[in-house]
């Protein structure tokens, strides 16, 4: 398929590469052009603008935050600045209000939005092992299915209204961080009581906690190594802010969310902006005097 | 093996029955004697006192709280009221200070304590699918291994100091409730945003949350049926109180624990004492006006 | 002095009236023009646009939120849409980023911003008993002093950088709600333990809690009457959102703030949008099963 | 009046001295006898046991915690170990269950308990400026009134059931710490936003926060000096534990209480056992990277 890919961070580069490997013809665009070099060397074409990247059948966007998605969509030379029939396949973790605005703008523009945020850290992106959460019109989803298969191990259709996928993704990121926080609190208690963190983790993952979320993050917590960040604390703070926005808009108190945001703030304040989100375990431990 | 079993609640009856099925000769004692009837009909012998139940090689205790364990151990006609060489195999979820006191009292008494709290709801106990977390002297653990195998699907040795097993068990129960709380908060957010709870759960368990803790409790939350209680809210509140005691004693702030305790209190205050601990989801939903 | 007044809600009408009583010549503007009627009857002049209201020496703005302040300042026919030398005296409770933006925009426009948010509920506004928190250039503050005296009982100069006043105001509103929350939690505990709320309040205000914040809100809590709202829960939620924004931007975890936001959300979800912010006491009580 | 005084810590010594100055004949007892020396030099008599201190009309107890009150009341040579008609005037901050137990034990013993916990730091005790919260039988309160007047500036009768006074006292200590926490969070936010803590405090205490609780603790927070402790963090943690016990027993969720306990734990873990309870401000600041 002839597709565009906008946004070449850690995740985006890996996804675009896997799309190329699956035989798709990929035109890329990134705000900092040098990020595109490796892909160009592997056969990608460079677009001069996001609009140009949207000249194929589908244009993927995979960007850091709402502002970046707004810029490439609504900005000068953005995706909606020219007539296009490309399906906008939005992988970024964005807020529900922006997803609603994108849905509406595409409808008015005569094009289609499919929200398809992904679960997985960079290693999973490289291995084409992402999970893709999808919402959008049936036909468009069908068209995009080979693209989901090229980047992920499984896709989930959660409805025909694109913002639903973003809400599910935000709930997922919240649940991940909540699992990390609970692990960190439990491990700190165990450690101060004389039980090794690794021993607690062995029991938990050997009983009813045998899920990747505990295995992946438990391992990071036991090793106590939080750099380089796979999913940085400031990005997680941004996501938790989007969750909070959705919670405020729909009047849902979420006390565990409040703990997570405070611990992300404290972790960033004390450890710096480059730490992984699982570094909240450092804050939990520091608060216990460790 | 000739063994005693003290404490015939939902969990205890199922465990004693599985021990009998595995060929052990079981003498039982319960404060309310009628709870023993079914087991007597199946061939168990009745002891007149906890002390009498401790006349075999091993005496199991499986009771609701610290006070009950203290009563059958230190009380009149308790396990330590007579000379005995029986290994005290303590399955109850008790606090670290009581586990320390039991360890010391047995040492002075010339007997041995093995802490072996279990993970699993009543259905798992009936199916002999419990997970057993064990700490105690090597030799005693070896002796008890067939008993662990009779009641559980797997056992974990976490050290030779019995209280370590109790601390691990408490950390586990904390992590379970934290997972339920996070699920409940996420589901409530999804629901108020127009995404069905079952859909969110499908995505979570299909990605990196594919552990029994999410499957078992997620299913309960989707069905919104919290009675009869498998693990009641007041019992969970008691456990979280034991976690808080350990956290206070070792100076460990645990903000998620605070949320759990408050939600258990609120759930009990609003729904009654007979609700399952996963009924905290009702409080999360009620707080959002659902 | 010849002044303009933009924003005629409960607070604004009372303030504008007191300015007229102090002898100032007041031109008023409000988005819904009918709100101006009473003041016109008392001698005020009506401006056709916010810009026209800024044709005197000073233009006051007293609006509900950031968006409204942006509209009357930066919007079509806004204060900055025409050349003006009027001091912009901003009384609204707005966020620090908007205060910074206003400061910069006025500097570029050749005019001056003075931030002067006020403490006090509508009754205090009517009685000209507000407290005015002021930050801005010295000369401008001197010019405005008679205006502060006309609406308030006392003014505090907190610096020459306008956003400082807004930050102090936000900290104040946070502290007010925190006092209400603590009172509500204490009163609920007392009540469920058999001590009347009024008795607890009598002791607290008779000892080291003899401040208006406890007297005013304690009285509301004892009476359990939260309508009509003097300071509504949605407005308080908006303010706490501004505090959270400042806290996020400067990396400050504020766990009590999280409790307040969750209780405001729950109060609005359960009681409706028209309840006073002190109605969080209803949520505290409901959570205890009262 | 002929009275006994049991418990000569910072608070007790100052209270006993003021009772002597008011003309009462005071017999003292303390576990560590050397603490009595200064009072003996000023004319007090030493009792050999708590029971002996209870041989007058009234016996005051002012001790650190539940355990100490239990020891001097129920222990060997304790107040209830001999027949006595002395009114037991209990000033300690104890839990509601112990107050209930004391009430019952005195009734069975034919004697009377009056609960009379006090508000005030050591400086207030020395200046006879305590506030006394009183509950007990009318006649006994009348008898004790001169004693309240000797140690305090004001007394409050909250009922005839002694535990009511203890509950009110616990609610008060909770409210004090909540005020300190809110101040600390607000000051940290102000400071990181460029506003001096002293400036924020000036505005707050100059408006609707003009109560001693803000003046006394605000001053400590501005100076950032938390040693020597007037009311130590471990004692405050004990008190908050008693509040939590009452809250658990009566099913009252108190989320701000949870924050306070976690911050006391963190403060003790990081700063040591000798810090004042207001040192929670250090934890708030540290969590913000200050």
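Chains here go by letter, A, B, C and D, matching the order in which they are written, and residues are numbered from 1 within each.
By definition in this document, a residue touches a chain if its C-beta (ideal position, glycine included) is under 8 Å from a C-beta of that chain, and two chains touch if they have at least 3 such contacts.
Predicted model only: the values in this text are computed from it and were never measured.
Common neighbours of chain A and chain B (chains touching each): C, D.
Greatest Cα centroid separation from chain D: this falls to A. Averaged C-alpha coordinates give centres for chain A and chain D that are 52 Å from one another.
Distance from the chain B centre to the chain D centre is 38 Å, each centre being the mean of its Cα atoms.
Along chain A, residues 247, 251-255, 259, 262-263, 265-266, 269, 287-289 each make contact with two or more other chains.
On the chain B side of its complex with chain A, the touching residues are 96, 119, 131, 133, 154, 156, 158-159, 161, 163-164, 167-168, 170-172, 174-176, 178-179, 181-183, 185-190, 192-195, 199-200, 202-204, 206-214, 216, 243, 246-247, 250-257, 259, 262-263, 284, 287-289. For chain D in complex with chain B, the touching residues are 237, 241, 244, 247-248, 251-255, 258-259, 261-263, 265-266, 268-269.
Residues of chain D touching chain A in their complex: 255, 262, 265-266, 269-270, 283, 286-289.
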